[in-house]
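Chain lettering (A, B and C) follows the sequence in which the chains are written, and residue indices restart at 1 in each chain.
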Amino acid sequence: MKKVKKLRKSTRSSLITYGLVILFFVIVQVMMITGNLSSSLRGQLVPIAAYIVMAVSLNLTVGILGELSLGHAGFMSIGAFAGVIVSTSLENQIANAPLRLAVSMLVGGILAAVVGVIVGVPALRLRGDYLAIVTLAFGEIIKNVINILYVGYDSSGLSLSLKSANALGLEEGGKVVLNGPMGAVGISRISTVTAGFVLIIVTLFIVLNLMHSRSGRAIMAVRDNRIAAESVGISITKYKLMAFVISAALAGLAGSLYALNFSTVVAKKFDFNTSILVLVFVVLGGIGNIRGSIIAAAVLTVLPELLRQFNDYRMLLYAIILILVMIATNNEKIKNLINRVTLMLDLKTKNDPKKGGAA
Amino acid sequence: MKKFRFQLIALALVVSIFTLAACGGTATTTTTAAGGETTTAAPDESTDGSTDGGAAIKIGGIGPLTGAAAVYGNAVYNGSKIALEEINALGDLQFELNFQDDEHDGEKAVNAYNTLKDWGMQILNGTVTTTPANSVTPEAFADRIFTLTPSASSPTVVEGKDNVFQLCFSDLNQGIAAAQYIADNKLGEKIAIIYNNADAYSTGIYEKFVSEAEAKGLEIVSTTTFTDETNDFTVQLTEAQNNGADLLFLPIYYQPASLVLSQAQAMSYETKVFGVDGMDGILTLENFDTTLAEGVMLLTPFVADATDERTVSFVEKYKEQFDEVPNQFAADGYDVMYALYEAAKKAGVTADMSAEEINDKLIEVFTSDDFSFDGLTGSGMTWSDTGEVSKEPKGMVIENGAYVGM
Amino acid sequence: MDFIAYLISGISLGSVYAIIALGYTMVYGIAKMLNFAHGDVIMIGGYVSFVATANLDLPPAVSIMIAVAVCTTLGIVIEKLAYKPLRAAPSLAVLITAIGVSYFLQNAALLIWSSNPKSYTSLFKFEPLKLLDGELTIASVTIVTVITGVIVMTTLSLIINKTKIGKAMRAVSEDKDAAQLMGIGVNKTITITFAIGSGLAAIAGVLLASAYPILTPTMGAMPGIKAFTAAVFGGIGSIPGAMLGGILLGVIEILGRAYISTQLSDAIVFSVLIIVLLVKPTGLLGKKISEKV
């Protein structure tokens, strides 16, 4: 106990976060081996992992950088389709599925980072809701373009078209990887729960280390007071872009993981609603609170499934729960009430509720 | 930390209240496994969907019950429920239906599928729409659960899966049939097409139509697109008009079609219109001015004002229970249940068989030469081993607000 | 000639965006929140007037009044139950709550009016305006929408700039705490803002449904986003900006479709938006943000 206490608060908090993820993974593994895991929960594990990474990476933009992004699903989309195209093209070259998954995800992440730079350089000059609307616009543009994109693969390599699958002029035995609005169909599902777990750990490692590094402090300084930060010689553009691009890259990785977990993926999936969904995870988990993002992403992904027994009223209840939870966690009176209850239950630990410090 | 803790507590509190307040299913014929997310029900678990206390065959259904595509899922579900009641009243084989929402989303569809698997589904009636079908059918193929989709029409749904069958026309056939019909009956020479390029169904039919139209020597003078969110079609219609199109081919659903028709009228553009089965429903669209659809031709397998006894009785029951006129999707749902019923009877399927056993027996029946099915959406339907249905599309034209055979 | 026809339909589409954007921008300008449920209140307005005309056979004017009454009440109730408890919370929390309200309204409408779409009969049945021997047609609903847009814009500007409650609104918008100190009822002012915004949403719903006559529970979502875009385009918080932004957005959408590509219609609209914001970072008519050091 003493040793733990000696560690810096931030380090201890990070360790708890890692521990939580590892514990969850171990429990799931044990349940899987002993056959206690329902198909329903089992099927949701990889999407949950992808959403956790999405939430943590968006938290980097929203919580740490302090800029509202409404187009995070756009980066997920880039990663998803890049990942599917790479994975399909390399099916014969790399027989080892985990390796192919890693390569696909890497390409997805890099491509999303490149797009992140393209979007970030102009967008980050804007502020507040104007930046939010530009990210929303980019998300919609990405969706629109991928929706009319046709990609084929045959022995001569990849071919692209904006017209139709026939226009690809594929050879005999060629495969249409991306078929416009139909999306990618017949994806070989190589994502695994373990890959999801590894990705979460990698994401946490990157984000938590960034937060507690010199760069991270610079980014938060930019968030808290741009002018003061600039006056002490912090390059605003550099640090803003850094956070934004890392966030985009992680979303790309999550996108690849997500897409390669399903037999099909369509551009429509990564629309405004998905961006908003991830934002809900971030806000509900606490802005700037990484551990909160993880828990909120997991709980809110499972929640609509838990509500299946209510049939027609399912999504209505989901909406009500969302509103109630937002009010319960943000209203001063209720906050105080809950605080008092928790204090009574647990008087020993006292912590700092300031944002940014909780994870 | 504090913040994190009370958020968690609040979240847990609210979730548990709603979960604990569970009062089971609300739908009439459906039974839902309580706390279904953790139970791994065995296939022979006791059921409460059958009337005579005997075991019932568990049929899972998947379709969009909420969200923008909810109209299709609800129609299939309602149609299936009517068939279910009738079948169970026959007193022979007993069925139980558990229909889950997929929100027209691949991920949610897989979740729905897994929930049904936990419930002990033996046969799948689904999915209603194409994208979820593309994500669910590979699972059903791998798990060996027999699948008959009411309305997921893309050829990719059945491709390479021996236990997945379609009850509806495939997009492939629709596109080809429409082009042939237009060419054979000389309905038009210069054709304009408006299709939804964000929709797999619409794009699928469009692509096949174009290649077949070329082969038949039809001239396509204008091709324009729209997306789900579009509600202004002025540009598309003006282009068609300027290029002198004498026939407008609309491989789209009836909601956008109703907008296209009303805007064409507003700009005084008169042209022949040819639609596909998704256009069915336009006449029963509540409050729709049917004179707008006067003269519209379409290929559809089902018409709600047909006078044969089965259709009349179905439409009557549907109106009575759901206060709406059934569309093609409702009829598809109804037919799926009956097709499964007849095939199951023929194959000697019983409720105590495993899903895999049922699967093998049903594949055999569906692909056998002597199995043909008469339903609301066609008579003498047969299935090839690719999973595609073979039935005759009916050419219909709208006259005085009603369908008339062409 | 086609160009003018496209321009007219662009203005027609744009005026619908504009009237939605006016409600968005007013609520944003005063309550400083992005009310993502605005599009869904519009949907409710459309359905209510549908029920009033098609099912209850009431005259159009009455149906509009009922829609306005229902939406205004709805707006006040939503504000009281969902937004008021969050007055002191971070703006993102309110944003998420608004999204929750949006889901709630969509799914409630699904349960009440079923998923089957309904065809709306335009309430404006007078003859369309024909110009140049009938070569150009301006639909009756377009005329009504444009006129309504201008009236609403002027009225809102007058209310905000000339009346007592308008003064209170501006004060709340500037600084809530200071306004409170000056004896202004902040809560009351914000409630009134919501009431007006929701009443406007009802009118927007009637106009949207009259122009594009199909009702579905999700019909408000996309016009809502587009109108939000329009409001930002014109400079969010600016009343004339919302009007201008809305009309320009509609015109760009239609012209882009006509002369560039129907396939890339959305991409074109949003690209233009990004370019405009890069040149004018606070929108066309937005206030410059002065930084306090």
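Criterion: a residue touches a chain if its C-beta (ideal position, glycine included) is under 8 Å from a C-beta of that chain, and two chains touch if they have at least 3 such contacts.
Just so it is clear, the model here is predicted, and its values are computed rather than measured.
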Required minimum of steps from subunit B to subunit C, each step between chains that touch: 1
Chain pair whose interface holds the most contacting C-beta pairs: A-B
Rounded Å distance between subunit B and subunit C, as computed from the means of their C-alpha atoms: 35
For subunit A paired with subunit B, centre-to-centre distance based on mean C-alpha positions, whole Å: 33
Shared-contact residues (touching 2 or more other chains) in subunit B: 65-67, 197, 227
Subunit C: positions in contact with at least two other chains: 107, 110, 263, 265-266
Shared interface positions of subunit A, touching two or more other chains: 144, 148, 284, 312-313, 315, 329, 334
Residue ranges of subunit A touching subunit C (in the complex, touch as defined): 62, 68, 122-123, 125-127, 129-130, 133-134, 136-138, 140-141, 143-145, 148, 162, 227, 272, 276, 279-280, 283-284, 287, 312-313, 315-316, 318-320, 322-323, 326-327, 329-332, 334
Complex contact set, residues of subunit B against subunit A: 1-11, 13-15, 18-19, 22, 24-27, 30, 32-40, 65-67, 100-101, 103, 105-108, 110-115, 117-118, 130-131, 134-135, 137-139, 154, 156, 159-160, 196-200, 202-204, 207, 210-211, 227
Of subunit A, residues touching subunit B in the complex: 13, 35, 38-44, 47, 144, 147-148, 164-166, 180-183, 185-186, 189, 262-266, 268-269, 284-286, 289, 291-292, 295-296, 299, 302-315, 317, 321, 324-325, 328-329, 334-335, 338-339, 341-342, 349, 351-353, 358
Subunit C - residues contacting subunit B, complex: 2, 5-6, 9, 12-13, 50, 54, 107, 110, 114-121, 128, 134, 137, 139, 211-214, 216-218, 222, 253-254, 257-258, 262-263, 265-266
Subunit C-facing residues of subunit B, complex: 65-68, 70-71, 73-74, 197, 224-232, 234-236, 238-239, 242, 255, 258-259, 262, 266-268, 285-289, 322, 324
